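Sharing a structure, written as structure tokens. Questions coming.
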Amino acid sequence: MNMARRIAFIGTGNMGGALIQLLLEDGYSVTVWNRTAAKAQALTAAGAQVARSANDAVNGAEVVFSILGGDESVEHVFCGTSGVASAMHPGAVHVGMSTISPQMGDRLARLHTEHGSTYIACPVFGRPEAAPVRQLWLVAAGERRTFEQIQPLLERLGRGLTYLDESPAHAHLVKVAGNFLIASAIEAMAESFTLAERSGVQPERFAEVMDQVFRSPLYQNYGRMIAQGPPEKVGFALGWGLKDVKLVRATADAVSVPLPIADVLYQHFTASVARGRADKDWIAVGEIAREMAGLRSRA
Amino acid sequence: MNMARRIAFIGTGNMGGALIQLLLEDGYSVTVWNRTAAKAQALTAAGAQVARSANDAVNGAEVVFSILGGDESVEHVFCGTSGVASAMHPGAVHVGMSTISPQMGDRLARLHTEHGSTYIACPVFGRPEAAPVRQLWLVAAGERRTFEQIQPLLERLGRGLTYLDESPAHAHLVKVAGNFLIASAIEAMAESFTLAERSGVQPERFAEVMDQVFRSPLYQNYGRMIAQGPPEKVGFALGWGLKDVKLVRATADAVSVPLPIADVLYQHFTASVARGRADKDWIAVGEIAREMAGLRSRA
Amino acid sequence: MNMARRIAFIGTGNMGGALIQLLLEDGYSVTVWNRTAAKAQALTAAGAQVARSANDAVNGAEVVFSILGGDESVEHVFCGTSGVASAMHPGAVHVGMSTISPQMGDRLARLHTEHGSTYIACPVFGRPEAAPVRQLWLVAAGERRTFEQIQPLLERLGRGLTYLDESPAHAHLVKVAGNFLIASAIEAMAESFTLAERSGVQPERFAEVMDQVFRSPLYQNYGRMIAQGPPEKVGFALGWGLKDVKLVRATADAVSVPLPIADVLYQHFTASVARGRADKDWIAVGEIAREMAGLRSRA
Amino acid sequence: MNMARRIAFIGTGNMGGALIQLLLEDGYSVTVWNRTAAKAQALTAAGAQVARSANDAVNGAEVVFSILGGDESVEHVFCGTSGVASAMHPGAVHVGMSTISPQMGDRLARLHTEHGSTYIACPVFGRPEAAPVRQLWLVAAGERRTFEQIQPLLERLGRGLTYLDESPAHAHLVKVAGNFLIASAIEAMAESFTLAERSGVQPERFAEVMDQVFRSPLYQNYGRMIAQGPPEKVGFALGWGLKDVKLVRATADAVSVPLPIADVLYQHFTASVARGRADKDWIAVGEIAREMAGLRSRA
């Protein structure tokens, strides 16, 4: 697929940076841009070219990836009269990997159609450390014909991919609902580990059993983290977790779906932020369950 | 381990019946008893001997297994002046697999000590259909020396076993807390699937993605069930699920641990029973989330 | 206070209309405007003059009242380069009675300062039927000197008034938090009445006792409504109740305050709307508690 | 009503003691008993006679009042082969004022019928300080003919009385559900006051407005307490509040009624106890809402 030899990548955070490395490894020419330029600069060593503006970055690119912080960032960078969408090459494809609302996905799709380009939503599942070892899972949606053209490119970025349907909003919905399901597992683990600890069971042993019950890398990983206490090294910040919980609440509100567990999550994430833990790893949300049970917080 | 060649098994429900089959396959002589005699009778074809009373069943047995319906059944059968505990052979071992409160586990341990026998708590994780293919996970606790004597026997009954410590109550606590964690996953799945469906995403596709995100047989299995709607064939009845939720609430209350998610579960399980669904598979608890979102219940 | 002889009133819904009548009774000249003109027209019989636009209405008015549907309506009518704020007479006072976010209150205050006018927040408590009999309670905040000038005018509009402080946002906050407290009382009543009914207690008798326990007109009124079932005649629509619950959630989110009871309210109001009850009286939110307990909904 | 000139009173805590004083003021001869004898002794100054046992106390009494700590105390004192019910004079009336489960009310009714005596349930609403000024509200249920005989006696004990019907369980249900409604108001107040404080509104001013909105002595009293922080002097201990919340959860469970707000109450009362506040006034439950919002607890 020659057309994709020239790629632009907007947003070079933990996840974006790791994916750019993979694209460079696969031999693509990648031009990057990031609001905080220093982060982009670090990728030159790996072969990336750094553009002075987002619009410069997409100049000549057949495929434009983006991973930004949410609806507001995406709107700021892509929409508007001088936004990236208007600067993209007609016929180019925007692969949107940000965690955004389905509504914003719809809006991007319309915007690109207006400019003769195409929007393929393609959020990813996995912690940032899964990216360099190609262990992410991708969820794509959008015009099927366009998707099929870039499918080989996308499939190299993780251990697999699910293509949903032609509505980009659906891929964003799946990401939002999936993050909610993951956060629910963390809160439920925190509650059950607190019960175990208060009852005299060693948290590590409880984690071992739950690992065997669920046989899920995710439960294994988070179970260990809860047993040991929040890590110093932050994989995903609690403040971003709150943002995701707010996003699922807003998304569910748009279709009149009450989510009692999302409300428990909201209460505990908000309490965590109110207690000064926005910059801890999001596993630290579980410390609220501990404090409510009279145990010492470890965050 | 010759001493275990003669085994008694009290309680021949779905799970008990399957385990008895495994013991017979392994060459043990198994005498069984069940309150509803017909269920016990069905096991004679496989080689089990049926006792006329629980006390008869344990006569001469070195190892006595039990899987009964909860604290009340266990108390009724094992405690009291003419209970099974008093009828057991001194030196025999009671392997308690029922889902009971940690407090009842402690009480059984004391009772057996008084009678010169030993109580090893050993609840199991897995749906009944996992038992015949030796795919359960066992969690044991109690006197280490005694446990080690029967360990080879126990290990044959599943794909693995975790030995916790010398307090039998701890194994029951892990079972109670683990069931809570599983039920939490079901409720969270039901909520997120409802959001997906109301947003136009095909439930089957959402299930596929969540299967890849969690890579857990449990999420795979329940995800599929939620996508398709509650099955006709009941693996685990919703009424028993409510009993388990009440058990975790009581267990947590005993150590002053608030469990907000257990309360959501309680609300939805109770509403399900109030709406006449006690005899459906417990996955049907998720229909409440659907109804609250204005979708049709499928149960 | 001569300056207030000429009054403009923006928004002539149930509450606005009743207050306009009171102002006319008190001898003020009142010019009104409403987006749906028909509602304004009905007030001409009582002596109001109907303006063709909101900007026309405020021309020459010393005091401009507003009761609109929320932040969006207020923004649409008052803000922007051709908004009412810019059309108001310098030195005039805007008395904002809408249920809006504290943030919007702050914004209006700044906007009026820029235009040489003043914003006094003055939301009211009470059902619409309390307005004509001057039984509302007013909560005012804003520049003290200006407030004192219009205090006699305001005090005539209800049975009393609380002046908070110089920050208009605070009066809006009190209204939002107070509505939340009222809605909480309704939900808690609905739950306790459901328990009483399912236990065989006559709802009317339970209402009588609660009336004596709380000795509150509000509990008396809502208790009777819950006992009898939602009324045909809608005093305050459930859909507006959901809007208020969303407003308190957003307001609390802005200061990181988790409100578990607001989340219960949100779940039940949203479920009510999802089940087609947006146009019922908001007391009908209690039917969810009934349905969850296996009772028949009466809405 | 001569027959009631001789009264026994079982349980001389805060509430019982105050009611005994009223009965003595009204000229009745009152024999009292309390598990902790010292409390009973203090009433001799007012004219009460102290019995050495509960059975002695009821000897010759036509009316036996009881206010004990809950189901267990009532069972211990009244039931069993040597319980007070068996010691009571045939034809005597037991007026049960304890906060107990409806089930225990039914059981007492049957027990008294077996012994030829009658059970009239008559719990009271009001804080202990309302008793000496005859401001309690009584809720009675049981055999109508018997109730009418003691009605004049009961009516003197408060500002009024509601007679429900012939089922004593119903009066206990109303007490349990009513306490739940009061506790719900406290929690909702705590949440809304926290929101007000975090938004910069003076709690005292917010209390003033809510006092005007609800016009309820209860909201006035608790609103002031929440604004000022938990009092040193404990009117009703938080640990007893948790007991009441557990009672309403158990009562609702018996009839399959989910109570989401009771679950929020349970979580916060349990967390309060886990954090060492069982002996504070129950208004201190609201400190959890403050802590979850990052404010300092005042308890």
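Which chain is which? They are A, B, C and D, in the order written, and residues in each are numbered from 1.
The rule is short, and it goes like this: a contact is a pair of C-beta atoms (placed from the backbone, for glycine too) under 8 Å apart; a residue touches a chain by one contact, two chains touch by 3 or more.
Keep in mind that what you see is a predicted model, and the values were worked out from it rather than measured.
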Chain separated most widely from chain B, comparing mean CA positions: C
Chain pair with more C-beta contacts, B-C versus C-D: C-D
Chain centre separation in whole Å, for chain C relative to chain A (CA means): 40
Separation of chain C from chain D, taking each centre as the mean of its C-alpha atoms, in whole Å: 37
Geometric centre distance via CA averages, chain C-chain B, whole Å: 54
Multi-chain contact residues (two or more partners), chain A: 256-258, 260, 267-268, 270-271, 274, 292-294
Chain A residues touching chain B - in the complex, by the definition given at the top: 102, 125, 137, 139, 160, 162, 164-165, 167, 169-170, 173-174, 177-178, 180-182, 184-185, 187-189, 191-192, 194-196, 198-202, 205-206, 208-210, 212-219, 248, 251-252, 255-262, 264, 267-268, 289, 292-294
Complex contact set, residues of chain B against chain C: 267, 270-271, 274-276, 288, 291-294
Touching residues on chain C, where the partner in the complex is chain A: 246, 253, 256-258, 260, 263, 266-268, 270-271, 273-274
